[in-house]
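Paired with subunit B in one complex and with subunit C in the other, subunit A is shared by the two complexes that follow.
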Partner chain A sequence: MAEYAAKKLAQMLITVLGVITLVFFTLRLIPGDAASAMAGDTLSGEALQVLRDQMGLDEPLISQYLGFLRDLAMIDLGETITTRIPIADLLLRALPITLSIAMATIVLSIVISIPLGTLAAFMAHKGRNWLDNGLTGAAMIIDLMPSFWTALVLLLIFSLGLGWFPASGQLNWNNPGSVALRLALPVIVLSLSQVATLARITRTAVLEVLNEDYVRTARSMGWSEMRVLFRHALKNAALPIATVVGLSFGNLLGGTVIVEFIFTIPGVGNLLIAGINSRDYQLVQTLIVLYALLFVVINFTTDLIYKTLDPRVQF
Partner chain B sequence: MNYQAPVKTTLLELRNLHTDFQTSTGTVKAVDGVSFAIERGERVAVVGESGSGKSAMAMSILRLLTHPGKVAGGEVLLDGRDISRLSEGQLNAIRGRLVGTVFQDPMSSLDPVMRISKQMIEPIMRNLRLNREQAREEAIKWLGKVGIPEPERRIEAYPFEMSGGMRQRVMIAMALSSRPQLVIADEPTTALDVTIQAQIVEVLKTLTEESGAAMLFITHDLGLVARFAHKVAVMYAGRIVEFGRVEDIFASPAHPYTQSLLGTIPSTAMLKSERLPQIPGLPPDMRFPITGCAFKERCAAAHDRCCVEAPRLSQCGIDHTAACWAPHGLGEGATLKAERPDRPNRPFEPDGSVVVELNALWKQFDTSRKMVVRAVNGVNLRVHKGETLGIVGESGCGKSTIARLLLGLEKPTSGDIFIAGLAQMVFQDPASSFNPKMTIGGIVAEPLVVRAHGSKPERKEAVRRLISQVGLDPAFAERYPHQLSGGQRQRVAVARALALNPSVVVADEPTSALDVSVRAQIINLLVDLKQELGISFVFISHDLLTVRYIADRIAVMYLGEVVEYGAAEEVFADPRHPYTKALIDAVPVPDPAIESRRTSTPLQGELPSPLNLPTGCAFASRCPMATDRCRAEKPALPTHDLARQVACHYAS
Partner chain C sequence: MADLSLPATPTRKPSLLAVGSAIARHRFLSHPKVRLALVLLVPILLLTIFAPVLPMQKPLETNLRAMMQFPSIEHVFGTDKMGRDIFSRTLAGVQISLLVGFSVAAIALVFGMVLGTLAGFYGGMIDRAIMTVVDIFLAFPSLLLAIGLVSVMGTGIVPVILAISLADVPRFIRLQRSQVLSLRSRAFIDAARTVDASQYWLMTRHIVPNTLAAMLVAASIAAANAILVEASLSFLGLGIMPPQPSLGNIVRDGQTYLEQAWWISTLPGVVILLIAVGLHFLSDGVRELLDPRSR
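Moving on, here comes the complex of A and B:
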């Protein structure tokens, strides 16, 4: 187990290092830089050069790269190039918001989709297919709607139209109720597609397990349908479900960028968009490294969960 | 069989049971009016081929069928009480408590993510009203009774940490621990090796006798029936066609189907030169309604009345009923006659030319955990032109690895393989070894295409010839695999193997996936081809009776080594290696008289792990006559010699 964790940790480091390198160099392939983005058309060539010097953009690429690595290793996130604000401060404000959205989405979609998918599978197993068909149909419709579109529609109807949810304004953590209202729509938008995927996966996994011989064994022992369903079927179906939950977290991180932008929520996503617009290399690469880290840690956790869900999993 | 029913009281009675499967193409009447009774403490075997409805019938008793299967009518009386109309909740009080169930596949019948303790203890607590500690003790006691070593420790194992035989023992312990009055065993030994099968059957027999439980035993193996049952129900196309005491069924079968089945099994008493009788045709397609007797198309005694009216079970002896219009079926005491007795299974006469030669062959597999699986350990074998070599042994003995090595699918670790000409393969499961999207013609032509043999019309002609050679209509070339029955698919597999005129055909369990009535057809086909084409066969099987019949020479393998080699009949008549003796002993013989005289205990233990092989004789750990010498010194097998070879220090 310890050996496995060490091996996995090394793999994670290599992955993150790869992401850092890729991000660092591809960012610099984008035409323009922070200085020109900041100056726009206002500065002459010489003044621009001075600005570049100040921002450290004129140093050789490789030393910039090594400097970035060194700073990361010492958990020094540095400052934004353009506005000279410590990135750590920005993150401290933005990260809790984004993580709240992500966690709430995960919890909400699990709470809805797993019972729904299980019920659909159970009924289909008994030859009653209406819930199963309804679920598949609904999931298809949801898949056809891109999340930026649903976000806009919900925004129009429930915020601007009915006024149930505030569409803008600061997040005041001292008033959790207001934060919940503010984050409700983004969470719902993200949960929709998560539920669609997860409910279908659950349905398929549970339906497959219900046809297994050991489920029949459990029935032959005189256990009730409910006990068979929860003790045997769901437990065995948990592995594919956990896989998908782990993977969908990655999609979710991408999804938060879109909903934060549309609902003007000051999370990491909006920070990223601002950074890209101003060609703030330092900010963008730091954020992407953060996303990569999150992703890798989630994958690692999923792997560990596997082992507890299924004793047959060998490391 | 000196069986005396304790007190003749009926435990279970089925009355006119019907079970339907609603499919998209219509209603399949899987069980079509089955009635019979089981007395207390009695063992009733239900025999039949796949699709005969035997499992559906057994599962209908406790309504364990899943959608789309449904009990459509009839009564199930347990102790005089009709349980067929009980609610699920009421039935759950009977399932596992009054009636225990053992299923076919032990590998999949236990929950893989739950420890044995958890799966066993909770039912015992519920059924016997014990607390957790007492139930645990009870569970451990039962695991010990079914022959699991160190039950205190093994109870905490997960199913995947146990072998198939051990898992089936756990299943039996689970089923018996609640002291049921009836045990339903649905093909409980089919997935197991013959030696393990013998052990499991002994366990079931002893423990149910001890507790006085009755047993309903579903099987397709007539040999097991003879070993095990007091009474036999023969099922065909959803109905019982014959029912009676085991001695009567085997000594004087009355239904043509029973008579035919008994004839198709190669027996040790049978002369090898005799042609194996075969039942023509296939079992009926249950999706379509059957008028008259379901067996009429395959029956030599069929007459006009059979086509119009289905016969009912009628008395033909004491406690003996059969559903046939002809009073004695094919004839009194008759069994099936071989068609074409003019084409006997001629013995092989060697002309000296060697087609396959294996010299000091070793094959090791490296596992991910830096361990070495020693699959084949120094095997020397020869196959002559036109000769059939049978390779037998338990699963894990290396016989399939030899097949893969012969075909070049694996590279040997050391040693060499000589093949004069080409080797081709026939696999066990024809359903999964064909591409379902290819026509039969395409499948058979594939080897020709791969080797760019001939032009397209020439290949087409070759396919027609090959398909008719294996006894199918050339029109089959246009069909797809799913439109064929198992036996027909296996014929196609043989046709494909013959496409490139191989000098040797390697057949790995070619008849194991087939029904009894079809098996003889394939065996006869292989015998014919061998004689017509002079091809050599390597016939790998765990079915010893079939190997004895079809093979000229037999190599018995144990843990990657050949422990005995010789002419098939000689090895069977006079096995010299203790392992060969045990293997042959374990084979159930379809004759209750022989089975009831059986005294020897079955071979104990299981095949050791090929990860750490013993230094001395590989079989020493299970051998009843092993000595210190066996454990220290490996007995050698003399190489290349047509005569008998035995790797045992004490072989007489």
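Moving on, here comes the complex of A and C:
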């Protein structure tokens, strides 16, 4: 196990280094340079040169790269170029919000999709396919709905129409109830597509296990259907389900950018959009690296969980 | 010289031929999923092609006497703040969507086939070099990679196509490589090798044709996905910029007027969904036709 973890960790570090290198050099491909792209037509001559100095763009590429690596390693994220706010401070405020949305989405979608998928598998196993067919069809369509459109439709119905959820306003953490209401719709929007994927995977995994010998044995011992289903079948189907939860995290991160934008939630996604719009490349490169890091770390954790749940797995 | 003996080589499951013969035998058109896909896609395609000659307002034409009008016979999807016809704008947006979808699918297909085949067939250093880069790209969630790339390359249709393709190509390389790896050890390849077939011949005659079916299925899913990503980018203000209409930026425009004019944002979204569902059924149908076991 330790050897496996070390190998995976080494792989992960190589990927992370690759990610950082890729981001760094891609940003240097901007026509002209980052300083003139940032300034647009507003600066010229000396002012532009000052900006270039500040950004360290006149140093040799390799020392810029090493400096970038050193700063990241020491978690010195620098300041935003336009507003001179330490990026770490911005992240400290934005990251918990985005992570809350992501975690709430994962929990909600697991709570809904596992019973739903298990039930669909159970009914299909008994030869009653309507729930199964309905679920498969609905899951496909939900999966293909653009999330920004779903978000707007739900906003239209539940916020503007029925007035159940506030559509805007500050997040006041002293009042958890109001925060929950404010974040409810974004979480529901993101959960929809997660549930669509997860319920389908759960259904397939459980259906496969239901045909196994040990499930038949459990039945023949006279256990109740519920016990067979949840104790024996679902437990053994947990592996593919856990993997898909891990893998879908990347889509979820992309989704948070869109819902934060629509529901004007001050998370990392909105920070990214603001950074791109103000051409603040320092901020953008830090955030992109952060997103990739989050994703890689989650994948690494998923691999370890997988290995713990099923020691037979060889890579 | 060796080539002379090759017609005797057993070739199993020539997939491209299967596609051709399936169409020829009308199996393609009678498959229920393909039919459903065509019912969804053909009208949208026809409307998009004939949009310029249809009797309706041009996409960019404003009409200040008909602002924010509810959908009617004259304006099927209603009008926006500047009195522009949403239906006409939607069709212009579909044109962009289809262009993006097909370009991305084609780019991903070509690069995925070439690089994936090289990696899978030769193995060793080539494989390691290609797959290291692929793994780095796969470390980014795809929408975020596209967002990051357009932030560097700028807005507009070409950067959007390139950004989405760059996010998709690694996935295609991976798929192609895994197909090539499993084909490489099959008996008919060994048979071809025993008669001294050249590597080029093996790749182009035996390996690539057998991987095409799965790649085409993946390509049609990639097209649907690219349409969704383009719409998302344009919605975020990072893709196709107004006044040039795209499904994403029409929805974005309407967001401000959601309460007064819900149709501006919602109806173009329905069209995106219909296209995505259509492409999905198409890929499902093609897959089932080529491999009846997967049903």
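One rule holds in what follows: the second predicted complex is superposed on the first by the 297 of 315 C-alpha atoms of A that agree within 3 Å, B and C clash if a C-alpha of one lies under 4 Å from a C-alpha of the other, contacts with A are read in each partner's own complex, and residues count from 1 in each chain.
Heads up, the rule we're going with is that a contact is a pair of C-beta atoms (placed from the backbone, for glycine too) under 8 Å apart; a residue touches a chain by one contact, two chains touch by 3 or more.
Just so you know, these numbers come straight off a predicted model, no measurement behind them.
Q: Go through the superposed model and pick first if A:Thr286 touches only subunit B, second if only subunit C, both, or neither.
A: neither
Q: Of the partners subunit B and subunit C, which touch A:Arg219 in the superposed model: first, second, both, neither?
A: first
Q: Examine A:Asn236 and indicate which partner it touches, taking first as subunit B and second as subunit C; both and neither are also allowed.
A: Touch status of A:Asn236: first partner only.
Q: Does the superposition put A:Thr15 against subunit B (first), subunit C (second), both, or neither?
A: second
Q: Just checking: does A:Val257 make contact with subunit B only, subunit C only, both, or neither of them? Give me first, second, both or neither.
A: The second partner, subunit C, only.
Q: Could you look at A:Lys126 and tell me whether it touches subunit B, subunit C, both or neither (first, second, both, neither)?
A: Only subunit B is touched by A:Lys126; subunit C is not.
Q: Counting touched residues of subunit A, say whether subunit B or subunit C comes out ahead.
A: It is C that touches the greater number of subunit A residues.
Q: Name the contact category of A:Leu152: first (subunit B only), second (subunit C only), both, or neither.
A: Touch partner of A:Leu152: subunit C, not subunit B.
Q: Touching subunit B in one complex and subunit C in the other: list those residues of subunit A.
A: None.
Q: Using the touch rule from the top, collect the residues of subunit A that touch subunit C in their complex.
A: 14-16, 18-19, 22-23, 26-27, 29-30, 140-141, 144-149, 152-153, 155-156, 160, 249-251, 253-255, 257-258, 261-262, 272-273, 275-277, 284, 288, 291-292, 295-296
Q: Subunit B touches which residues of subunit A in the complex?
A: Per the touch definition, subunit A meets subunit B at residues 125-127, 210-214, 216-225, 232, 235-236, 309-312.
Q: Residue numbers of subunit B touching subunit A in their complex, please.
A: Counting only subunit B, the residues touching subunit A are 62, 64, 66-68, 88-89, 91-97, 100-101, 103-105, 108-114, 123, 126-127, 158, 160, 171, 174.
Q: Flag every residue of subunit C that touches subunit A in the complex, lowest number first.
A: Interface residues on subunit C, with respect to subunit A: 132-133, 135-137, 139-144, 147-149, 151-152, 224, 228, 231-232, 235-238, 248, 251, 255, 258-259, 262, 265-266, 269, 272-273, 276-277, 280.
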